[in-house]
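Below are two complexes that have subunit A in common, paired first with subunit B and then with subunit C.
Moving on, here comes the complex of A and B:
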């Protein structure tokens, strides 16, 4: 195998791993090799390393796809309403008087310093933690991605899809098809024999996010889900958030990063209550 | 459906803890070999070894799954299905261990009532699985839970089995059933052992099940009024074959 052919094979592999369909990946690799040959150059010299170039191409394809087919934005019914929500652990107040109304088709970002109760608020919205006072109303069909321990380290992605799918009443085949499709939207093609413990931190988080969306929920709750993401995956993630929004879901994202916040509909900044 | 899926998934998780599984098999063997010169003690120690190993496996399995199970219950999984699904996986593993050691006893000992050995090992596994779950729910940390189990098993080994206090321990029935299997005693031992087993099993399952529901059951949240009045709308890219229902007022 010549160095050009080897580069082409690597490019194809990395494109497929980044979520590009196999047929399209082969076609693209062939086109790039032909272009390099026409230019009389080695593809490594012309395009750079196959892995980096595959990442750039995959990102471009996803962005272009989103631009070609923009979805109508739908403002739906209220999917989450928090009224004067307070949480105390013994004498320590973590949240005080939090109000928020989130509709389908809207994105809310919850920001605040460490210890300001962001994760506690998300858990209250999910129903995993009980508020001390105030009222919480939310849509029953919810997707929930906690910050940690949201996946089992000893299960593969496919086994996760089947387990979560069974909770939603799906059969194994359907769960696997939907999970794989959603993974590809985040630029990841799950391998059948790799358990979560052997995935990188960023890929584990992608699995975490995909599991939260498996049942097409009306409300998606995400707790800093992009930790470990590289720059491309981070952009893919926010693209995905806005796709969910455009499709009519309400999305609540806990974050400590300030990028992209100008695009959200609600910004809920939590102070450290003990210090306020 | 969820219960079976949870059971199958748990079995897969357990099968990937290879070193832990190795010790689950080795621990009863060590207990058995250390007393092999005294048949009734060897049998009782073997049963306690199986019980300890399976209870520890149950403890670690339930503690490790706690956060994931909480997530699953938030999205609609039944805490009962999650609890019994994981128990089913542990009991299945325990029965395999019991089967292997039953064959070992049959080959290495001249036991007058061999079926009673099978009964002894199966009842031990059936108690150990919910016992480990009870400890995991009362002491929800691996190290502390393992130490709590160690305390229970040490008591079980050291306490005078004829004393009243011994009957309060979860595996007292192993003494009665091992005696019935090996010694020329009447059916009273069998009946007492089975009665103790039945009571312990029911108590352990009820406590573990109730504690599991209390820990996993999500807070009941009402839907907003506007949401309840809404009608379905499909606008999402539902993927390969996924039906989708969004809502529009």
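Moving on, here comes the complex of A and C:
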């Protein structure tokens, strides 16, 4: 194999790992090699190392195709309504009188300092924690990606898809197909033989996000899922949030980064609540 | 300074390529040479070819492989009708931006007298 062919093979592999369809990856690599040959240059000299170039190209494809087809915004029915939600632990007030109405096709961001009760609020929205007072109404199909304890260390990605799919009444084949497809949208191609414990922190979070989306929920609750994501994946994450929104889901994201917040529909800023 | 020029070009490369292709269809190496002839620094292939791919994916540019009697086949890029509309629209946007830039950078030290000391 010549060094050019080797570069081409590496590019193909990295493109596929970055979520590009195999057929397109092969075509792109062939085209890039031919263009380099026409320019009379080594592919490494012209484009740089295969891995870095694959990452640039995969990113280019994702952002270009996301930009072409912005769907018309359709606001659907209310999928989450919080009215005067308060949470106290003994005498400590964590949340005080939180109101929020989120419809399908909308994105809400929850921001606030550490200790302002962001994760508590998310758990209350998911029904995992009970509010001390106030009411919570939510759509029946909810996807939930908590910050921790979302994945089982000894199971592979495919086993997660089947397990979580079974909870929603899907058969194994369908769960696997949907899970794999959703992973690719996040720029990740799960390998069949790798257990979750051996995935990087960022990839574990991607698995977590995929599991939350498996049942095509009306309401998606995400807790800082970009932690551990690199910068490019962080952008992919927001692309994905807006895709879910355009597909009609209501998305609530707990975040402490203030990027991208001009694109959200609701910004819920939690004050730090002092002891009372 | 060189790094700054690279960053500027990064922001304007898509419009540069669309404009060059509005003049005539071309292949990658040819576009790089025309950019260099216009006075830009050498554009790295790792920047140029992703830009061309983005324009193609956005439907602004279409590509065609042409066989060559001597040497390897060659990929030509040309504007689509959407691409031509985009050139007009983006050029107008750029002109407004350039006017604002000129207005701000036209400031002259000499006229304030502060620098004469």
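Please note the rule applied: the second predicted complex is superposed on the first by the 274 of 276 C-alpha atoms of A that agree within 3 Å, B and C clash if a C-alpha of one lies under 4 Å from a C-alpha of the other, contacts with A are read in each partner's own complex, and residues count from 1 in each chain.
Throughout what follows, a contact is a pair of C-beta atoms (placed from the backbone, for glycine too) under 8 Å apart; a residue touches a chain by one contact, two chains touch by 3 or more.
All figures in this text were calculated on a predicted structure; none of them were measured in a lab.
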item: Which of subunit B and subunit C A:239 touches, first, second, both or neither; value: neither
item: Chain touching more of subunit A, residue-wise (subunit B, subunit C); value: B
item: A:47 touches, of subunit B and subunit C: first, second, both or neither?; value: second
item: Touching partner for A:154 - first (subunit B), second (subunit C), both, neither; value: first
item: Which superposed partner A:57 touches (first subunit B, second subunit C, both, neither); value: second
item: Partner chain in contact with A:39 - subunit B first, subunit C second, else both or neither; value: second
item: Partner chain(s) touched by A:81 [first = subunit B, second = subunit C, both, neither]; value: first
item: Partner chain in contact with A:17 - subunit B first, subunit C second, else both or neither; value: neither
item: Which superposed partner A:223 touches (first subunit B, second subunit C, both, neither); value: neither
item: On subunit A, positions contacted by subunit B and by subunit C; value: none
item: In the complex with subunit B, residue positions of subunit A that touch it; value: 71-72, 74, 76-81, 104, 124, 126-130, 136-140, 142-144, 146, 148-152, 154-155, 159, 162-164, 166-169, 174, 177-178, 180-182, 195, 215-216, 218, 243-244, 246-249
item: Residues of subunit A defined as touching subunit C within the complex; value: 28, 31-32, 34-41, 45-48, 52-53, 56-57, 60-61, 63-65, 67-68
item: Complex contacts: residues of subunit B adjacent to subunit A; value: 1-2, 5-6, 9, 12-13, 16-17, 64-65, 67-68, 70-72, 74-77, 218-227, 229-230, 233, 235-242, 244-249
item: Of all residues in subunit C, those that touch subunit A in their complex; value: 27-29, 44-46, 49-50, 53-54, 57-59, 65, 71-75
